[in-house]
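Heads up: the structure comes next, in C-alpha cells.
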Amino acid sequence: MILESEIWLALVVLLPLAGAILTFMAPRYAPQIGTVSGVIVFGAVVALTLAVVESDATRLTVGGWGAPLGIDLVADGLSTLMLLMTAVVGLAITAYAVGYFGESSAHKRAYFWPLWLFLWASMNALFLSGDVFNLYVTLELLSLAAVALTALVGQPAAVQAAMRYMLVGLAGSLMYLMGVAFLYAEIGVLDIMALASVSEATPPVFVSAALITAGLMMKTALFPLHFWLPPAHANAAAPVSALLSALVVKGSFYILLRLWLTVFAPLGDTFAPYVLSALGIGAIIWGSIQALRQPSIKLLVAYSTVAQLGYLFLLIPLLMDDGADRQAVLSGIVYFMIAHAMAKSAAFLSAGNILHALGNDRITSIIGMSRKMPLTITAFALAGISLVALPPSAGFIAKWLLLNEAIDGGQWLLVVVIIAGGLLAAGYVMRVVGPAFRQVADDQLAVANPVVPASMAWSALGLAILAIVLGFTGVYLLDVLDIGVVILTGGEA
Amino acid sequence: MIDLDTGTFYMLVGTVLFGIGFYGLIAYPHLLRKILAMNIMGIGVFMIFIAAAYGSGEGDPDPVPHALVITGIVVAVCATGLALSLAVQVQALTGSPKLDADKE
Amino acid sequence: MTWESFLPVAIVLSSMIPGLIIFWIPEKQSQWRTGVNLLGAVVKLVFIAIVMAGVWRGDTEYEARLSLLPDLDLVLRADGLGLLFVVLSGTLWLVTTIYAIGYLEHSHSRSRFFAFFSLCVSATMGIALAGNLFTFLIFYELLTICTYPLVIHNGTDEAMGGGRTYLAYTLTGGVALLVGVVWLSVIAGPVEFTDGGALGHVEGHVTALTVIFALFMIGTGVKAAIFPMHGWLPRAMVAPAPVSALLHAVAVVKAGAFGVSRIVIDVYGVDLAQSLNLLLPLLIAACTTVIVGSVLAVFQDDLKRRLAYSTVSQVSYVVMGVAIFGPIGAAGGLLHLVHQGVMKITLFFGAGAFAETLGVKKVSQMNGIGSRMPWTMAAFTVGALGMIGVPPVAGFISKWYLGTGAIAADVDWVVLVLLGSSLLNAIYFLPILYRAWFLPQIDEWPHEEPGPANWMLVAPPVVTAVAALLLGVFASADFSLLSWVELIIEREYMP
Amino acid sequence: MTFYEILLVVAWLLPLAVGLWQIARPAHMLRYAPYTAVPALVAALAVPLDTSFELSWLLLGATLQLDAMGQAFLLFTATLWLVSGVVGMAYLQKDANRPRFFGYYMLAMSGNFGLIIAGDMLSYYLWFAVMSFASYGLVVHTGAEFARRAGSVYIQLVVIGEVLLFAALVMIASDNGSLLLPDASDATISTLAAVLVFISFGLKAGVIVLHVWLPLAHPAAPVPASAVLSGAMIKAGLLGWMRFLQPAEFALEWGEFLIMAGLLSAFYGALVGVWQHDPKAVLAYSSISQMGLITVGAGASLLLPPESQPLALSAVMLYALHHGLAKGALFLGVGLIGTSRAMVGLLFVPALALAGLPLTSGAVAKAELKYAAESLPPVWKDSLEMLLPLAAIGTTLLMARFLHLMWTRATGEKVPHPIIRAGVLATIVVGLIVMPIWSQASDALQKSLEPEKLWVALWPILAGTVIALGYGVLSRGMPALKDFTIAAGDVLYPLEALIHGLLGGLVAVKKGVEAVADAIFVWAQRALQPSEAQKETAVALELRLRNWTTAGSWLLGLALVFLLAVWLGG
C-alpha cells in the first residue's frame, strides 16, 4: 500500500519520537532500537522527499484542526532539503554513536539515545512547522534536547557550557517569542504564509523583526553572539558536537531565513540585511582567527563553525534585493548549509576518533598519526577540503554559487571576504592535517597503536566522502529546492 | 495622566517585565537569579499575548493567545526544570553557583 | 555513455582508479602495487593512442559531459592541444612510475605515495582534457590537493615547510583563478574552450576582461612559476625525486603553462587578447622570468634547486611562445611544453639517481661522476645540452620557433632574451658536465650504495634522453610532435 | 638514395656512430678510430660535384650537398683528420684516457665533415655545434691546470658564438623564409645578422680580439688535436662566412671591413707570436696570422666585380687548403720534440711553405691571392701590394722562432715513433702533391713561377731571415730580450678582468636585490604574523565575550541596531 504523501509528514516527526520513547523505556537495547529507528527515520525522510518531488509542496493539518489553533506541517523544497540533510547526518551519527557509546558507561548510553532521537524529532518538526508559534515550541524543544546532550559528558566544563547554552537558548527563544507576540498583536495570525501575505512595514513589525532576528542570531551563534558555541561544542561528546554544529544551529538559521523571506520581506530594502551581512563578515574573520589560535582540535573545529556560519549571513542583502537573482542566492545559502553540515559533522567525528584513540585532542598529539589512523585523518582532510571550498566538493559548489551571485551583484567586498575566508580556512585546516603527515619514529608518537572502532572511523569517512560527492549532485538538490520556493522569493503571494 | 487603554497598558507592563527579566539575566552572575530572571521574562511575554487577546477590549477575547500562553507555560516549566538541575550540577561540580566567565 | 564519450573519462580514470586501489594495498605488497600502477599506466596509453588516432583524423568528437549545476557542466573533451599535454604526462607517468619504484625501494608509506601520485596524474589528465574553464579549475585545484602529500612525503621539518609554502602559493593562485572564472561566467555565461576563442559574443567589458585576464594569469602563473610567483618551486624540491621529476618538471608547472595557453588560445582567442593589449605584458612577464630564473639558478649549489630554478626559467618559454602574437611563436611555445618536460625530467631523474645511488646532492660533489654512472650522466648531459639549446636535442627546435616567431611578430628583443637565457643556461649547466666528465673524483661518495645502480633508476633517464634526442632529430618527420603542433595551430589557434 | 648519397651520409655519420660507441664502451673499437675519416676522403675524391639531396625528416628538414668549395674543404679536412688520427694513436699510446680522447675526436670529426656537406643553415649550425662542443674534450684532455683554463675560455666563447649564430640564423630565416644555403645568397641579410654571423664564425676563425682562446687552446690540446684544431676546424669559421655571407648581396663596406680585420689579425698574430716560448703557441699565433690573410682574401672577393669573384674565392680555398696541410704538418711535428735535429729539420719544409717560399704550396697560394688582389680598386690594390710582403716577413719571423724553439729542443734523446714521423712526412708530401694538382686547375702554379713574382715572394723571406738572425745575435747578449714574452692569450687578460668586474657588479646587484627582498619578506612576515601580545589580546577578547554582562549587552545592542536599521531604512 502506498501511503498518502501527507502521512510521511507526520511520520518523520512521530517515528523518531517513538524511537526516543522506546529507547528510554528499554535502555539495555537502546543502541539497537536507536539504530533501527535511525534507519527507519532516514527511510521516511527519503520517502517524503520522493513524495514532495512528485506532488510539489505538501501540507498536513494534524488532527484536522486547522489554523489558527491546529498544528500544520508543511513541506516545500527548502524544508525537504533540511530534513534530508538532518537525516543523512543523523544516520551517520547514529552509526557513530553505536561505537562511541559502546562499552563506556551505561549511564551515558541510556541518556544519549532518547535525547538524540528526541532532538531529531524536534528538528524535523521545526523544519515542517508552518506557523511561527510552533516554530517557537520546536525550537525550544530542540534547545532543551541539545542542552541535555551537551551536559551528557558530565565534566565540569561540559556542564558549565551546557548551562550557558541553556541560558542562551532560553533568552533567545524568549526574544523570539516576544517578537511573535508583537507580530500577533499587530496582525492576528500565526501561519507564516498568512502573515507573509498581509505583513507591512509598520512599527510593531519593526520591533518584532528586531527581537526575532536578535534572538535567532544568538541561537545561531552569529558573531559576536557566538560566545556560547565553542565551549558547548568543544566539550560535548563527539557525536553530540557533530550534531550541534552540523544541525542544531541550522535550525534557528532556518527560521531566520524563512521569516525574512516571507513575513519580513517588506523590510528587505532597509539596512537590516546589511547589518546581518556585516556581522557575517565579522564572523568569518573573527572565527577564523580564533580557529587559528586554538590548542585543541575540537575547539578549532568549533571556531570553524563560528566562521562558517558567517557565510550564511553574507549574502542576505542580495537575497532581499529584488534586483538580484534571489533564487540563485537562496540556492547558494542552502547549498552552503548542506555542505557545511556534512563537512562539519565529519570533522567533529574525526576529532572524536582522535580524542577516543589518543585520550586527548591536542593538536600536538596527532603528529605523525596519518600512518596510524589513515581513515580518520583522511576523513578530516576531506572535510577540510570542503570547508576550504576546494573543488570538487560540496563546499566548493556552494561557494561557487555565493561567489557567482556576489560578483553578479557587484558586491566586491563580499567577494574579498569569501575568498579570504577560504584561505583562512585552509590555514586552520592545515594546522591539523600538516602535523598528521609529519614523519616521526614510533616512540615519539603520542600513542603507538591508536585504536578506533570501525563504525566510528567509517561513519566519519562516509560523511567526509559525502561532503565531496555532494559537489556532483548540485542539479538534483537545487531541483528539489525549487519546489514551492517561488512563493518564498518571488513576492507573488 | 496619560490616557492608556487596558490593552496598551498590559502590553507596556509585559515589555517592562521582559526588560527587568533581561536585566536580571545579564547583570547577576548567580545562576538561580538568572533562571528566575528568565521566568520573569517569560511572564512578560505571556502578558503581551494576553494583551493581544484582549485586543481593543470590545467583543470576545481572542482564544488563540490563551492556548499559546498555556503551551508557553508548559515549555517554560520544562525549561526551568532542566535549567535548575543543571545549575545544581554546576554547583556540585565546581563548588560555585556561578559560571566561570561571570565571576569577577 | 557512448564509446566516444567514454574515452576521455577513461583516460582520467585509468590513473584515478589505480590510485584509489593503491591506498588499500598493504605496505609490503609491493608486487601488487607495482602491478596495478603499471597496468594503469599502460591501459592509459592505449586509450590515449585510440583517441589520438581519432583526433588526428579529425572525424570523431570525444566528449563527456556531466551537469553539476544549471549552466555549469563538467566537460571532458579531447582536442589537439589537450592531447599534447595528455601524451606528455601519460608517457612520462609510465617512465616515472618505473623510476619511482626503484627510487622508493626502501622508503616508508609507499602506498600513500603511489596512490597520490596516480591521483595527481589523473588531475593532470583532467586539466588537459577539460572542456571548459570550470572543469579546468576543478582539476587544477585537485592537482594542488593531491600534490601536497607528495611534497611533504618525507615528513621532515623542511618538507613540511616546503609543503606550507607550496600550499600558500598555489591556494592563493587558485583563488585568483576562481574569482576570474566566476567573474567571466557572470559576464559571458558558461565558457567552453572554443577554437579561436570563446568570447566572440562578448561586447564591451574591456576593463573587466583585462582584470579577469590578469586574475587568470596570476592563477595559472603561480603553477607555471612565473616571476615573482615562483617562490614555491625551489622549496618544493624537498619532495622525493620522482615527484620533482614528474610533478614539478612536468605536471604541475606545465598545468600552469598549459592553462595560460588554453586561456589565451581557447578562451580569449589571440586576436581578442592582442586587441586588448594583454599579450605584451604577459610576454614581458615571461621574459623576465626566463632571465631571473636562470640568474638565480647560477647561484645554486644544490643540484635539485638549480634544476628547479632552471624549470622556473624554462617553463616561461611556453608562456613566452603563447604571448608572442602569431602562429610560429605559439608553435614554439607548445613544442617547448613537451620538449622541456622530456628534457627536464631527464635531468631530475639524473639528480635523483645521483642522490639515491651515491648520496650526491650538490653540484660541488659531482666531480668524476661521469665515470661512476656513465649512462645516467650521459642522459643528464643530453638534457643539459638540450636546455642550452644545442642542436640536435629537442630544446633547439622550440627555441628556433620561438626566435623566428618573435621576429615575425616584430618583437625582436625577445631574441635577446633567448640568447641571454641560453648563455645563462650554459653558465649553470656546463660546469656540471665539466665536473662530471673531466674532473677526478673527490675522496669518497657521500653515501654510496654498493654495486651498480638499480636499473630502474638508470633506464628511465636514458629513455627520456633518447626521446629528447629523437624529438629533435626527427622533428620534421611525418608523425612528429611538430606536425601535431602544427595541427593544433591550424585548427585552434587561428581557425 | 644513390650510391654517392649513401657515401656522403656514411662519411659524415660513421665517425659519429663510432665516436658515440667509443664513449659508451671505451677501448672497444679504438684501433679503427682514425680510419673513420677514410669514407670522407673517398667521398671528397669520388662524389661528383653539385650532388645535393634532402633529408626532410631530419631536424626541420636537412639538405646535404657537395659543391666545389665543399669538395676542397672536405679533401684537406679529411686528410688532416686521418693523418692526425693515425699519428695520435701513436702519440697517445701510453695515455690511459686515450679512448675518451678518440671518442671526442671522432665526434668533432663528424661535426667537421657534417658542416662541410651541410646544404642548409640549420645543419651547418648543428654540426658546427657538435664539432665545437666535442673539441672541448680535446682541449681539456690532459687535465692539466693550463688545459682546464684553456678549455674554460674556449667553451665560454663557443657558447657565445653558438648563441650569436642562433640569433643570426633566426633573423635570416625570418627574413627569407628559407634555410637553404644557396638561398641565403639571393636573400638580403640585415646588417645585424651579418655582424652576428661575422662574430660567431670569427670566433672560430680567430679574427683579432675574437682570437683570445686560440693561443690557449691549441697549445693545450695534445699534438694531434692541435693539428686538426689549427689545420681543419679553424677553417670551419671561414667556410661559415663564405657559406652564409655570399658576395652577391654583400655591401662593399663589408669587404673593406674584412680586409682590414684580416690584415690586423695577420700582423697582430705575428707581432705577438714571436714573443712566445712554447712552439705550439707560436704555431697558434701563426694560425691567427694566416687566417688573417685568408680573411683578407675573403674580404677582397667582396670588393671585386662579379666576374672576378670566383678567382678570389678559389684563392681563398687554395690558401685554406695550403694552410691546413702545412699547419697540420707543423703541429704534428711538435711531436718530434726531443728527437734528432735531422728529424726536426724536416719541419723546415712546411715552415718555409707557410712563409711562401717559391715552389711550395705557400707560394702558389700567395700568388693566387695577389693575383686576385690585382683586380681590386686601386687603393686596396696598392695597400695590399705593400702590406702582403710585410705579412710574409712576419710569417717568416714566426717560423724562424718556431724552428729555433724546436731546434733547441732537438736533444736527440728520443727516437721518434715511426708513425709520427711517417705522419709528418705524409702531410708534407700530400701538401706538396695535392697542391700542384689543384693549382694546376687555376694556373696558379705558373703564375707563382713568373720571374717578378719569384722575387716578390722571395725577398720577404730573406728579410725575415735576416731580422731573425740579427735578433738571435742581439739577444744572445741581452737576457732581458731573450726572456721577454707575452702571455699566450694576450688581450684575454684585460678582457677577463673587465668581465670579472662586470660579474662582480652583477653579484653585488643580486645581493642588493636579495637584501631588499629579505627586508620586505621580514617586514611582511611581521606585519601578517600577529605579535604575541596581539594573539593574547584576541584570545582574551574572546574569553571576555563569554561574560554574561558583555554578551547580554551585545545582544541588546544588536537588537536595538536592528530596530534602528529597519526603522530608519524604509
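Things to note:
By letter and in written order, the chains are A, B, C and D; residue numbering begins at 1 in each of them.
Just so it is clear, a residue touches a chain if its C-beta (ideal position, glycine included) is under 8 Å from a C-beta of that chain, and two chains touch if they have at least 3 such contacts.
As the structure is a prediction and not an experimental result, all values here were calculated from the model.
Of all chains present, the one whose mean CA position sits nearest the global mean of protein CA atoms is C. Centre to centre, using the average C-alpha position, chain B and chain C are separated by 68 Å. Computed from the mean C-alpha positions, the centre of chain A lies at a distance of 78 Å from the centre of chain D. Averaging Cα coordinates per chain places chain C and chain D 37 Å apart. Measuring from the averaged C-alpha position of chain B to that of chain D gives a distance of 101 Å. For chain D, residues that reach two or more other chains under the stated contact definition are 546, 548, 551-552, 555. Multi-chain contact residues of chain C (touching two or more other chains): none found.
Shared interface positions of chain B, defined as residues touching 2 or more other chains, are 22, 25, 34, 99, 101. Of all possible chain pairs, those that touch are A-B, A-C, A-D, B-D, C-D. By the touch criterion given at the top, residues 368, 370-371, 374, 385, 388, 390-392, 396-397, 400-401, 403-404, 407-408, 415, 419, 422-423, 426, 430, 434, 437-440, 471-472, 474-475, 478 of chain A touch chain C in their complex. Taken together, the chain D residues at the contact with chain A in this complex read 535, 538-539, 542, 545-546, 548, 550-552, 554-555, 558-570. Chain A makes touch with chain B in their complex at residues 68-69, 133, 136-137, 140-141, 143-144, 147-148, 151, 155-156, 159-160, 162-164, 166-167, 169-171, 174, 177-178, 181-182, 184-185, 188, 190.
Chain B makes touch with chain D in their complex at residues 22, 25-27, 29, 34, 99, 101-102.
Listed in rising order, the residues of chain C touching chain D in the complex are 295, 299, 374, 378, 385, 388-392, 396-397, 399-400, 403-404, 406-408, 412, 415-416, 418-419, 422-423, 426, 430, 434, 437-438, 440, 472-478, 480, 482.
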